[in-house]
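Should a chain be cited, it is by its letter among A, B, C and D, assigned in written order, with residues numbered from 1 in that chain.
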Amino acid sequence: MELTAQKSIEKEIKSSLVTDPISHSHKELTKEQIREIVAKRAAKEFREGDVVTLGIGLPTAVANYVPENMHVIFQSENGLLGVGKDQKGNIDKRVINAGGGYVEARQGACFYDSQMAFTMMRGGHIDATVLGALQVDSDGSLASWMIPGKMVPGMGGSMDLVVGAKKVIVAMEHTSKGQIKIVEKCTLPLTAFREVNMIITERCVFEVENDGLVLKEINPMFSVDDIKASTGADFRICDNLKAMC
Amino acid sequence: MELTAQKSIEKEIKSSLVTDPISHSHKELTKEQIREIVAKRAAKEFREGDVVTLGIGLPTAVANYVPENMHVIFQSENGLLGVGKDQKGNIDKRVINAGGGYVEARQGACFYDSQMAFTMMRGGHIDATVLGALQVDSDGSLASWMIPGKMVPGMGGSMDLVVGAKKVIVAMEHTSKGQIKIVEKCTLPLTAFREVNMIITERCVFEVENDGLVLKEINPMFSVDDIKASTGADFRICDNLKAMC
Amino acid sequence: MKSIVSAQKAISMIKDGASVMIGGFLECGAPDMLIDELVKQNKKNLTMISNDTTYPDADKGRLIVNKQIKKLITSHIGTNPETGKQMHAGELDVELVPMGTLIEKIRAKGTGLGGVLTPTGVGTVLEENKETMNIDGKKFIFEKPLGADFALIYGTKVDKYGNVSFYGTTRNLNTVMATAADTVIVQADELVECLDPNEVVIPGLFVDYIVVKENN
Amino acid sequence: MKSIVSAQKAISMIKDGASVMIGGFLECGAPDMLIDELVKQNKKNLTMISNDTTYPDADKGRLIVNKQIKKLITSHIGTNPETGKQMHAGELDVELVPMGTLIEKIRAKGTGLGGVLTPTGVGTVLEENKETMNIDGKKFIFEKPLGADFALIYGTKVDKYGNVSFYGTTRNLNTVMATAADTVIVQADELVECLDPNEVVIPGLFVDYIVVKENN
């Protein structure tokens, strides 16, 4: 539920933000292609046995790209460790994920209450979280829960999750409706201050280091100048810049 | 376990306390008689449906005097709501009370962990507790967990219990080995400050009110002068002083 | 043995202006029948404490649409556009609290602690007007305990002693809310004679009234 | 799937001087086999965090008698005269903490909170040298979170995913300790393939190693 209202929020971001100069160029990808590129790349961050909490929307798709032979356990803040596939056939409404979808519990799963869910999340027991953003900045601060005076869905569990997870991965479209989302300093109210470790978009991968963003990987469809033009923050280019795949 | 080491501690109280002038008189009762008088009277404080936590020693005996047709539920800090009789025959060591005794779980009982036990106890969900004391004073403060430099068993769960229970009843011998226990001001380290509501001994019943102790009932075997002589604190006599029974 | 009552009788105890905690994560584990009765009896000016306001046509969401809530303390309102609409129109006072903090505030009340010291929200607008505490060089926000007059909770199986057990992801905030309200009413999918003591999730002493779904 | 190891191997990970939380209330729900192995391997200068020190000849009590503990954080030592004797002789550093406070300190660590604000001990010697906080006219003692390098816990049934369930009063501090140590080792009375997800008391993600009683 962290990002349930993400889409409706994004509609509201129209003003004051810098326009992405390349989003309407020949390099534009479809939503489905973006989703696949980002989700596929994010899934590579997991290690065997990791416990991961995914945000709603694009981040949910990450689960589809975990290699078959790797065991990653998905945790849902509403009380399920071991989220499985969507339920088919006779629906049991007593088993849902944080987005309200009816899901299966995998072999080895367990159910628990909200206190326990947040012991996992805020207490540092989640290895990685992947979530979306309205804005993310060069300090690793994240804005994802409200646009003052416009859309205020609430933070749900996202603030606790971002503070507590060992690794925080923002997975999103590089820009949204042509507006720049990776900025020097977030202008929207923060979800968390300096907690993001990595930003994965369809164009590139940034790591957040003490001195700011470092470009680690780039999608060969784009040039470094493309990234510069569509990113609102300065960044350092890794000596060993790799192709994103 | 609140008062596991009570007996050993009492052996150690030898110094500096005022002597009970009547404990060696013809009015002396046997330990068993004292236990019965005190436990019987304490059991009358319970109401239908009460949840009660008992200390170790004399207070444990209170459970024997609850009327057959009254439902009182005994809670034990080690994780059992609905403490039953001592186990007989094949012992299951996985079900104990706070004193380490093997007990039965009654119909309707449940097991839980220590967090939940102290949510019950500190959180104000226990209707009454009955426990012993080394000293109790006219403010309703209680000392029961250590004698500096001598015996230090520890407080166990007693401090949380006394702070949290709706009604705190001290049930004890009026004096111990001839030493006075009901005092103006505790000299031993406190278990809790101003939390005791009632003191029940073999000689009388005191209630702790804002202006100090009030003698509510007296065992007809003793005179008010006997109580005065064996009590280290001033007390007011209730207008409607009753015979203890 | 606990009082087993009708939804009508249970809800009739709640007066206009009362504070009410309601369990459930979206529609899952929500005491829908008790909420329906709250709508039917049209209790007004309520303070509602809940994880979310579900959807406009579902359980807690209907209380919003029916304008029975004066003050709402919750973590997420994005699934119910009506909540945001009333908030922006100044008709509904909404206090948004991070989910983990909301749960701990309720737990603090239930377990008798003085408050919560949480790292969640440090460096955000949530820190404004809050007391903070520096502990070993790290900043924490202080939040007060949160209780209510009533808790309306759900249980999959409830026994006659008030013990509650759950199936699936229905536990959510039901467990913590049971500890933090003056009067706790549980809606039971199924009433049983006696649960296995190892299976109990909410010990019976927290429950005051049982309403059985099939009886209504 | 979790690592299933021998007691010998599990305990060999613990170095002299480590801090170790050990579950159990007296002998009930104590990981006796792991403790026996700790005695056998004679690990020294340990900091032990436990509810009590049981009896001189039982589980945790043997660690005291064998002088393996340098610092003890606990709520009750009255059942083991050897603990008091070593404390008074200055051989053992004992910190006595009310049971409810001990549990909350461990929980605060496990759940990521900055500390505990408890009414327990206010107006007693426990208040000395502690920070206190006045909240709405009532005084609370501030206590810091408490974690450890290792937690040795007990489980009645443990599945291959590390999920733990309990029988009877064996849960006690095992549940909270599982959340607050860098490495958690559970002694299982019985290892099963897969527990019913509704039955699980300690979710598998908290458990690092499983030692099965019958295998040793």
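Definition applied: a contact is a pair of C-beta atoms (placed from the backbone, for glycine too) under 8 Å apart; a residue touches a chain by one contact, two chains touch by 3 or more.
All values reported here derive from a predicted model rather than from experimental measurement.
The chains in contact with subunit A as well as with subunit D are C. The fewest steps needed to get from subunit C to subunit D, moving only between touching chains, is 1.
Of the two chain pairs examined here, B-D and B-C, it is B-D that is joined by more C-beta pairs in contact.
With centres computed as the average of Cα coordinates, no chain lies farther from subunit B than A.
If each chain is reduced to the centroid of its CA atoms, subunit A and subunit C end up 29 Å from each other. Centre to centre, using the average C-alpha position, subunit B and subunit C are separated by 37 Å. Taking each chain's centre as the average of its CA atoms, subunit A and subunit B sit 57 Å apart.
Within subunit C, contacts with two or more other chains are made by residues 104, 107, 111-113, 118-119, 166-168, 198.
Of all residues in subunit A, those touching 2 or more other chains are 105, 111-112, 115, 118, 122, 163-164, listed in ascending order.
Across the whole structure, chains are in contact as follows: A-C, A-D, B-C, B-D, C-D. Those residues of subunit C whose C-beta lies close enough to touch subunit B in the complex are 1, 107, 109-113, 159-161, 163, 179, 194-195, 197-198, 200, 203-206.
Listing the residues of subunit C that touch subunit A in their complex gives 25-29, 51-52, 74-79, 84, 87-88, 94, 96, 98-101, 103-104, 107, 118-126, 156, 166-176, 201.
On subunit A, the positions that touch subunit C within their shared complex are 1, 4-5, 8, 76-80, 92-96, 98, 100, 105, 111-115, 118, 121-122, 141, 149, 151-160, 163-164, 189-194. Note for the complex: subunit B touches subunit C at residues 51, 71, 73, 75, 81-82, 105, 107-112, 115-116, 118-120, 122-125, 163-164.
Considering their complex, residues 104, 111-119, 133, 135-136, 138, 140, 144, 165-168, 198-199 of subunit C touch subunit D.
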